[in-house]
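The data blocks that follow each hold one structure.
What follows is a pair of complexes built around chain A, which joins chain B in one and chain C in the other.
Right after this comes the complex of A and B.
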């Protein structure tokens, strides 16, 4: 692509990161030491705080993989220029697999069905074929193996195409995607059931997987907006990513804001209206005491605010505005995951613990450091994708 | 001077034929720049970028649909809160009418908003396009039937403030239009 080659470098230059990379690594190490020290004195709080932080970043990475899969399965044009960054996000899933390891050691504190004293619970005995340790850990391993294979393989083909531009990589990735999409749905749904719904093994909701999915794909879009804007600010993506691309991402953010609200309300409405005790316990806990404040804030902040901000057209074309909305939605996603995980521990009301923040910093800095470390390994967008010119010339 | 239709009827406008989408596109740009307002182009398929080439502004329809949706929402609010909270309050399934039982009303509010928006969009579009109608003056012209096959047309209507038959004919001819014809009819 000669028309944008001179004024826009195609690979990331580490001079933009410099010493901040070391700062990131140092923060991650310090945060990990702090939370492991905290775990020695309060393992239960550590378990829940860590699951909260882990889930937040896992959902973003799964959302990144979802958008790569959607790109290939629909043969999309617009997303070619941003696909490499989505692939980079998805390729953090193996890292999330490594970051899952601390949870193995505190599993019985998180997932009460593992406690021996609950073994005689008739409800648990009904569910034993599913809630059995070897099957539980086997499933977890399967999720991460699948996520890793799908994300790494799709990205590897995409990078190979940068050298010779052969269309067969596109065709192969499409085939890979059709095999991956159903498995992705299964893995995301059951990961959500195992690790989040499993926090109260009495409780169940058939919409749980879709609810987690809605938050995942929305927050992945928000991270994508921030990434692209940051890289554009450093001088990359000139004449490649245009306001038209931001417009499309903004429209998708609006769509998935509505989708999240629709699924979240659908789940709440059915449980609330049917009023069956073993189902209502989830919302009873989150809509009483001080949790009520956070749940209400979620309704307003995760739906009404971004909905009204994203509804008019002009804002979606302005990267600065879209970034502000993206940051807001990501903060709301933190709150969403917090209200999912922590009430299972602090049943009487909100108790903010320093480990909540330390875990976010530990997992977040690790993931960000790995992302930055790998960012320069390949061009920032698929240089020789057959659809690249159409993607650059995008019109809404 | 070609002219078609009942000569005693008023002039609908002047139309010209083009043989390809590119010619039509460039003609549209010139007509836009000449300052015409009541005119249209016709083609067998949608042409990308034609909206800008014709200088069309954003349709008013979106704003009308917003008002339609809002009235549907308000109607749902009134129809539900009126009887259930004000006129004849009842405790159903252990749920009195207060702020925390509003979710029971949400599906109706949502559906009414969507229903009214959809109706406003469809019927608003039809009214703004002057549809449905039984006939159109352009159908008096036999060549115009080719618009569903392989020909492209421009028609400048006599309702345009800048319309004068001679000037429009000269303009269309200078743009490369062929078979320039004055269309009579209602």
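Right after this comes the complex of A and C.
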């Protein structure tokens, strides 16, 4: 197995980042100043643009945590070498908790049920006490506390194992994962219901949590591919991450592209077929006016294009190709979140606002900066995981 | 005691937990696998088999008699009546079709995801799939009323100029189930060919040699044949995988496309698929545990580790089903729609509260026992616990169908469902049919995929025996 021996640096060297890190921080600061200034003149647009950007990055981080949980609960081998990067992604969830704070100040603009004039709506009264501010904020706090504890604890144990290689960390993380999985399902689902489905508190769909989950896990895989490829390009992961790993990630991207389409189609078709006005309102808004173009683009771009690209084998083994598909899917995920959030504001049709981009830049650069800052704190892959040799020697 | 065993015993508990148990125990060789699995087919028919057939064949005949009575008399011999127009027939149809899913999951999805532990259970699970689909197919075929007109379901020109309603999920069901059955048969049979050839080569009687020879389609095990075989198997696995999702999703559309409260809910497709895999794995364990208890050396191939993994899948899918139940309840309440709320209120506290309680207990609470390793690794406990999903999944379909229909929008039309003796006997009879087919399978076909199990032996690895670094 000597031919597989890792021969690249194990820890990230900040020299690769250099001025780009400061550039990210500067961009984040400028973008935040701009959007806060924009918020003063158009708070409603800010609220929706910010929720859109926040959701995009939150789903990726939740997806990262999901893959860490899957890795431990299934006692997987192949993903050992990429697990640290998933852990790093998941550990951005506390940052997302901090980035949630601006939404607190514009909450009534986003979630109409908080508006005093809606208090007499009989439907809202039926939803007491679920849609009450104290319960709503309490739930939000709970989601972030859980996400933080799970992500940080799992990564801490993983890093501790790098020093002594004790299998007890593997076993402990497995147990921690079993306890976390049900809570993860609950937190992701209700976060999706509270913050996205709650944009129109009249509307409901039992599939909603699963739909957001499908987008999350797929986009987390895409970010993983981009991360691993970038680090390989810098000389890391040599003889650690091989085309075999890309092949597996590519297969999972294909599987979750199909899963997203399956869930999305199931939800759409059942609501369309039954044609009950209280449910169709969601799709009517998104399938009329100029929103129709984006919804159709989503069907083609989020499903058919990546499906056809990922179906043949050879592409999945080529990092450059896989990266291109990953970028495409992430763009489609931006579109997906955009079509979920913004129609609740611009009911008459698409209105692209500069704050949509500025919010993406503000949240994205903040998240990226924190990620890079922490990247060198621990080795890039779990150095002494008991399953590391099998993971490096992976064969499909 | 071997050196390896002594080394393992010195390890700490945590170290033991990260060691992968071998897929085949007791260092069974390739020769042993061929001769033992083939001997099940070759040896004299055992007494237990005749005794079992003595029970299951009369039950099968009971089923056939009930069907003959129904065809001669009419669907009225079932308890279906207004307002419960769909009752045990559709309940049993969904129950049986769901059971089949575990077989396809094990054989196709676990194949594509390179789960090597599937090799010793896939053959029996796939056979179970086919037999379950046969049992399922009986119900909608008979429920059409005039069964001799069932061919009208096929979109072929007919003298009356009647075309099928392509907008109806019931017709989609016909296509989904028949495609699923066809592909499953092909997949199962393709996988059988190399093993049928093994049996053919070992046969001593000319008749048997001829029969197995015909079934083996001239397999000689050459390089070219293996290349074709592997490509065909991969393609069939690829075709079967979407079918696992599509069949039960389409079955769920039968309900979810309607506007009936309790039926129309968007989570139905994935929830039905998870439930089907849940019930299917329970049935796999229900029949595999006794089969291995009879043929004890099979414990070296279907090890406790296999059982443990299947129990974990049951726990996972049971929890997904639990998530769906709770999501339905929550959204029914959250919707604020009085009809949605009433539907679930009647389920939990109405006249069929006992069915709902049984469903919740069997599907959500009982499988939680599998959080504990003891219950996943004690065969008797496993067998007892998996009976709950078996029952629970039937109750689930009964709750969805009968409970919902007993309370529709017009209170003056409310009514209960009472099964007739034909309903009961037909359902019992399908268990007889299922078990009879499975017994015939055990007797005449290799119940474990010999060549695939051999491929997971350590010595099958081309690098086996090379020094490790």
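By definition in this document, the second predicted complex is superposed on the first by the 389 of 396 C-alpha atoms of A that agree within 3 Å, B and C clash if a C-alpha of one lies under 4 Å from a C-alpha of the other, contacts with A are read in each partner's own complex, and residues count from 1 in each chain.
As a working rule, contacts are C-beta pairs under 8 Å (C-beta built on N, C-alpha and C of every residue); 3 or more make two chains touch, one makes a residue touch a chain.
Quick caveat, the model's predicted, so the values are computed rather than measured.
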*When the two structures are superposed on chain A, do chain B and chain C clash or fit side by side?*
clash
*Using the superposition on chain A described above, determine whether A:396 touches chain B (first), chain C (second), both, or neither.*
second
_I'd like to know which partner A:386 touches here: chain B for first, chain C for second, both or neither._
second
*Regarding the shared-chain residue A:273, is it in contact with chain B (first), chain C (second), both, or neither?*
both
*asked:* After the superposition on A, what does A:146 contact: first (chain B), second (chain C), both or neither?
replied: neither
_Residues of chain A touched, compared between chain B and chain C (which is higher)_ = C
*asked:* Of the candidate stretches 185-193, 257-265 or 293-301, which in chain C collides with chain B after aligning the structures?
replied: 185-193
_After overlaying the two complexes on chain A, where does the chain B footprint on chain A coincide with the chain C footprint?_
269, 273, 275
*Contact footprint of chain C on chain A as seen in their complex*: 1-2, 122-123, 126-127, 130, 166-168, 170-171, 178, 182, 185, 189, 193, 204-210, 251, 258, 262-263, 266-267, 269-271, 273-276, 278, 386-387, 396
_Touching residues (chain side chain B, partner chain A) in the complex_ = 48-49, 93-94, 103-104, 106-107
*asked:* With touch defined as at the start, can you tell me which chain A residues reach chain B in the complex?
replied: 265, 268-269, 272-273, 275, 395
*Residues of chain C touching chain A in the complex*: 12, 14-15, 17-18, 112, 114, 242, 245, 249, 253, 256-259, 264-270, 319, 323-324, 327-328, 331, 334-337, 371, 468-469
